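Mind looking over this structure? Questions follow.
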Amino acid sequence: MTHVPDTLLERLLEARKKHHLPSQVRPLAQAFAPQLLGVLFPHFAASVVCSEDAVTEDVIELGESLARLERSIATLHETMPEKLVERFLAALPEVHARLEEDARAIFDGDPAARSIDEVILTYPGFYALALYRLAHALHRLGLPLLPRLLTEHAHEKTGIDIHPAATIGRRFCIDHGTGIVIGETCVIGDDVKLYQGVTLGAVTVEKALADKKRHPTLEDGVIIYAGATILGGGTVVGKNSIVAGNAFLTVSVPPNSIVSRRSEVRPRSTTATLEELDWVI
Amino acid sequence: MTHVPDTLLERLLEARKKHHLPSQVRPLAQAFAPQLLGVLFPHFAASVVCSEDAVTEDVIELGESLARLERSIATLHETMPEKLVERFLAALPEVHARLEEDARAIFDGDPAARSIDEVILTYPGFYALALYRLAHALHRLGLPLLPRLLTEHAHEKTGIDIHPAATIGRRFCIDHGTGIVIGETCVIGDDVKLYQGVTLGAVTVEKALADKKRHPTLEDGVIIYAGATILGGGTVVGKNSIVAGNAFLTVSVPPNSIVSRRSEVRPRSTTATLEELDWVI
Amino acid sequence: MTHVPDTLLERLLEARKKHHLPSQVRPLAQAFAPQLLGVLFPHFAASVVCSEDAVTEDVIELGESLARLERSIATLHETMPEKLVERFLAALPEVHARLEEDARAIFDGDPAARSIDEVILTYPGFYALALYRLAHALHRLGLPLLPRLLTEHAHEKTGIDIHPAATIGRRFCIDHGTGIVIGETCVIGDDVKLYQGVTLGAVTVEKALADKKRHPTLEDGVIIYAGATILGGGTVVGKNSIVAGNAFLTVSVPPNSIVSRRSEVRPRSTTATLEELDWVI
Amino acid sequence: MTHVPDTLLERLLEARKKHHLPSQVRPLAQAFAPQLLGVLFPHFAASVVCSEDAVTEDVIELGESLARLERSIATLHETMPEKLVERFLAALPEVHARLEEDARAIFDGDPAARSIDEVILTYPGFYALALYRLAHALHRLGLPLLPRLLTEHAHEKTGIDIHPAATIGRRFCIDHGTGIVIGETCVIGDDVKLYQGVTLGAVTVEKALADKKRHPTLEDGVIIYAGATILGGGTVVGKNSIVAGNAFLTVSVPPNSIVSRRSEVRPRSTTATLEELDWVI
Amino acid sequence: MTHVPDTLLERLLEARKKHHLPSQVRPLAQAFAPQLLGVLFPHFAASVVCSEDAVTEDVIELGESLARLERSIATLHETMPEKLVERFLAALPEVHARLEEDARAIFDGDPAARSIDEVILTYPGFYALALYRLAHALHRLGLPLLPRLLTEHAHEKTGIDIHPAATIGRRFCIDHGTGIVIGETCVIGDDVKLYQGVTLGAVTVEKALADKKRHPTLEDGVIIYAGATILGGGTVVGKNSIVAGNAFLTVSVPPNSIVSRRSEVRPRSTTATLEELDWVI
Amino acid sequence: MTHVPDTLLERLLEARKKHHLPSQVRPLAQAFAPQLLGVLFPHFAASVVCSEDAVTEDVIELGESLARLERSIATLHETMPEKLVERFLAALPEVHARLEEDARAIFDGDPAARSIDEVILTYPGFYALALYRLAHALHRLGLPLLPRLLTEHAHEKTGIDIHPAATIGRRFCIDHGTGIVIGETCVIGDDVKLYQGVTLGAVTVEKALADKKRHPTLEDGVIIYAGATILGGGTVVGKNSIVAGNAFLTVSVPPNSIVSRRSEVRPRSTTATLEELDWVI
């Protein structure tokens, strides 16, 4: 029979003892995300019954799941929001309306989309945005931990990482989306569009700056193409500006700017071996 | 007991009523993807029995799954392809042969690969390519929706997003792959290799342009290094060209080109605080 | 009843016959990864019992799972490591200590992190690093295939692709992380930090170079911002250097360097249509 | 593709339309039974945490499950009990105390039992009795349908069929139990013991008699051996009587009776073939 | 590591080699039973959608499951029925009508039943009868093995064991049911009622008699109370006869008979210890 | 939110604290039963691979499961058997041989059986006997608790309750089987056959008699028909005797006896209402 080394035993036992998170939080949060989406959008539900009773039942169960998560998290945090479930349900119609508007905006801006239903069903950008908007509502009500677990769930599914505390305006479009990062203190206006691989991040990472604005601001109508990296809490991309693919920006630009740097093109020596590539690219 | 706000009830009920997609399409498609791969490549099957009966049974069940998806989708689309299952099965030997060729090419081009079996089993690039080639076959037979759900499944698993309508030649290699986007009207030749984070995307996003070529063309033998972004329907990267990492390209380049822009290097003030970084990087 | 074409039947039968991997390896590896993490970090366990018996039981079962994987893989590889389970268990305390140190370093460097438990529970960077360190330990003990399956599992979950043979120092920080690639022969010092989308890759891909160093070296204290691509086995980024976002680097730089190229900013013609964008960005 | 006959289609569609039971009632009830037992007896729980928080959480979730069943059933029945969950939880301590007493009585009366824990864990008689006592509590609170589903669940698991409306005294023992039937209007005193295959049933089955006492009464201390059948609403088995195996009784007997009929024994012709058995047994 | 004894290895290997049944038959049959019931009676379905499309889909999938079972069984049996699926679907409306009639008869005959829906949902007698009637239809179409697996599934769930080849008339009632056995060559008329524990069995068990009638005949209107045992192929219980509880019968009785033997009652010595019971009961 | 009564909380907390069984024992035992059967008889395995490697792997995992159960049970019992796994594996070939012999005997004695495979696959009598013989082997090796859990599992599935400590000879046949009870100290010879509903039980139930023989002895070649009840530790049914259906026996009978009592037959008043039945049957 396997021998278990004493040092391992001690270390693992100690790790369990000093561990404070209730063990159910993670699986509960991972079950809550699809439940929440399935209630709001029938596209994500396993079966769809169109009766008031069925909808009511689904919402009640949603409330119960949230209450259970709340109780788990409360073992960790001293102050918890009052009447969380009630206020969250009251906030849902507004969030739902915003997401329908977002889905329409994505549809309008993508020639490849055939219907709004297809956008909701298959676009990872919509999936991540939906979980962000819901997590943001919970964050605003003062619930800790769960908002982050919800957006991290979306991150795992889609590669899109939006911090639940970020501020994002109406009709927000994400296309493809893998690799997008939107930091905690970002402020994003209306009608903004991001392509995959865009970072809206921080430069400075001093723990002491936790309460400062560390991430950029994008004003209304900005478009950021794939792979652009924009850093810094003071960086403001002015209204209707366009940031080209793979741009790197750490300073503010005025409205109606174009930020870009195209690569250079030169002939390749066809006799060079691949080994020599280090020197030429 | 939880109170369900009336506005929420009305909104959700309405959402269900106007929702047209049959609720089973999504889970069926997500089950179909691994079933399809498991039939073609034993690496993805839970158990492997080497008898004609077992293979026949697996193919019959594959056909049944496809037929069921077809019936679900048919509730939504007026015109559906004739004899879909039959024609799809007939197309499989060709797709399978292509994928074996792809796997060999990936193996030949990656010093880290130890065997072709390892490539098939563990390379996300192969996984995404396999689902693309199968989805593309279904797309060519005229089936709507399912091809997109299959490639979106691969996108979720691998971070590689290939539109099922794209055209991709033989011996196509993807290395690592996270963040790759290949748009709907891309045309890619033979022996092309892409690294992670490469975008082959569109610039213009007018809905009216849905039928125009909006994404680039890569000719035979092109290599694109990590993070390069290439945009535009008229952009052609000529034969055997090399696009370096993080390049940004929106114009055509002739055969045997090198596209690149190295970053600048300068000394860092070691006395500068991290806060000052905004100004220097 | 569905007709199964003969060519398909033959092809699939042949594929099964020439397939050498035991069919259980993949699902076993995918179950092993969370089991391993759950034993080491209660955050990932479904239920946590704080008794010596419970810990011992969990470790014994972990050993059994590893032994089973070992037996499966042994049907494929001629030489296998001696006393694998025993030596792996003996190595775990060291790996666990390293990972606790990593978690603390991530916490210290991220103003958004509220506790070390939150880092372990929700940060994909920690998840990928943990599986890398464990896979690396197995790789060093000489076990083939499984290390790669473990890091590929992390890649699928997080978009972070670290080769199990790479060498990575202490207090390694990954933030966000989607799109990171760290190649097989990378050497990374202590206190290094990488942001999302960073590639540490190879240029030359000749099969014959499998035993050569093909990926860069990062010395102690280096920071690489989002989207930077650094290629080549001879490329050394000197101590305490900073590589800015979207930088592209294929040559060595001395200690205390800054590598960067900001994009250009110019005004946008507000009368230009989106169609004209190709020409201006 | 399979042809679906029109008559079948019509018939099944009609069956669905006239069906009134909410489709979730059955699976909900089947999940409620083990949940209920698991809360009351850790022997049936998958994991056991000994903290007030954990117990409280389990009880709250039990209440939620009951509330959901109540809502489902309410779509069918006009009048439903007030404050069901609250009153049921208030009744549980008494039921739990009774069941602990029952378990002790079974243990005391069975030489083969090694511990009370073993009785609770492995005796089908205890399992069926526990679900009966819980179902009976719900029945007394006025909840329709669910009590019957709970005892039917126990029937399926154990072969013991106790109607939830039956009246059963303290320290009730069932040994083995398969085939026991205890009818709706049975009245059973304290310290009664039943062996497997005992029927306490009705003779007359007129629908009009639904409100009459149709099943027997067993006074305190009665023992009924395996396979006895006792029928009739007026049949009273007096205090401390013993009914022998396979007895058949449809009349009352005074206290301290023995009810029995031994079989006759005669020699068997060893030359008779098995075929001749019809004539001799 | 566990040592596997050679004799065990050889024995198990040999057992696998001489085993002829396709390994999937058992799980397929166990999944087919609830699928079949769920299609015919919404009470057993997880979700109920009242549209022609949904019904059609369910029937098509039912046909596919049956076809798959047929293919599995065909690897074992030389002659298989023609057009099995088609003929079975064509037979279903008749079976469904019979079962609705049965459910009504059970309801009419049981004062404890509150509605026909409750009978279908909760009565094990109905469950076993439904699977018998369906298995009998398959048996008559000439399909081997599956009918037996279906009734054995019902046996496991309900303790009621009806051979699929038995002949049973209309409006057949089973109450409670545990322990009922109805043999292969039984012939049962209309309006017959059986209580739990009734055996309709064979006496002679010579293999050579496989084609002879070995089990009793019950004419119309017969009632058999709990625990009665009736044996023999020539035994006929005449019209409207009543067989009392625990009766034992191996000869025929004319119409309007009562078959019974009540037990004797005598006083119990209250001074006798339980140990002396052997001598008195 | 649900209020949890204090008395309930206290009671449940106390119940958990005084509960000694490791919570995993029950689910582990329920998973062990089918695993064990699946290794010995391919009929019960989900997939069957005919290679030495596959068999070896299955046996090793079986040993691991048993070892885990052993460790769980050891937290409860002071003395545990030495080398349990090793000795149990060594005992398996003998048990397997016995069970094959049993299956053949059942086949030979049942005209309805079409093949030995069918007997193994579908006969509950074989299922219960197989688990009894395996549990008996574990019991003889001195392992507590698990043998009882295994036979209780069989009891739940088949309604056949055989105590693991009973002694049963070769070629033992059970037909149908529901309701059979075979007590702890029964001794059964070779070539015995039991029908459903047979009890071989105890009369006296004094706890003090736990070590005495309390259940009957059946000598070689005895046949017991359905529903017979035979009680008492001193009761011996002599060689080749036949006990008829529903017989009740508490005394010994010599070899070649027939034990029987047929019921009486008399005419039924066809004018009597069903209500008057109490008086006549």
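Things to note:
Lettered A, B, C, D, E and F in written order, each chain numbered from 1.
Operating definition for what follows: a residue touches a chain if its C-beta (ideal position, glycine included) is under 8 Å from a C-beta of that chain, and two chains touch if they have at least 3 such contacts.
These figures come from a predicted structure and were not determined experimentally.
Minimum number of contact steps separating chain D from chain F: 1. Two chain pairs are in question, C-F and A-C; the one with more C-beta pairs in contact is A-C. Two copies of one chain, chain A and chain B, touch each other, and the residues they use overlap weakly: the shared fraction of interface numbers falls below half.
With centres taken as mean Cα positions, chain E sits 56 Å from chain A. Centroids of chain B and chain C (each the mean of its C-alpha atoms) stand 22 Å apart. Centroid to centroid, with C-alpha atoms defining each point, chain B and chain E lie 53 Å apart. Residues of chain B in contact with at least two other chains: 1, 47, 49, 60, 64, 159, 178-179, 197, 203, 205-206, 225, 227, 231, 244-247, 250-251, 260-261, 277, 281. Contact residues of chain D toward chain A in the complex are 53, 57, 60-61, 64, 68, 71-72, 75. Chain F makes touch with chain D in their complex at residues 1-5, 7-9, 11-13, 15-17, 19-21, 23-27, 144-145, 148-149, 152, 155-156, 159, 161, 163, 178-179, 181, 183-184, 197, 199, 201-203, 205-210, 214, 225, 227-229, 231, 240-251, 253-254, 256-261, 274-275, 277-279, 281.
Residues 39-50, 52, 55-56, 58-60, 63-64, 85-86, 89-90, 92-93, 96-97, 108-112, 114, 117-118, 121-122, 124, 157-159, 176, 178-179, 195-197, 203-206, 225-227, 231-232, 234-235, 244-247, 250-251, 260-268, 270, 277, 280-281 of chain B are the ones that touch chain C when the two sit in their complex.
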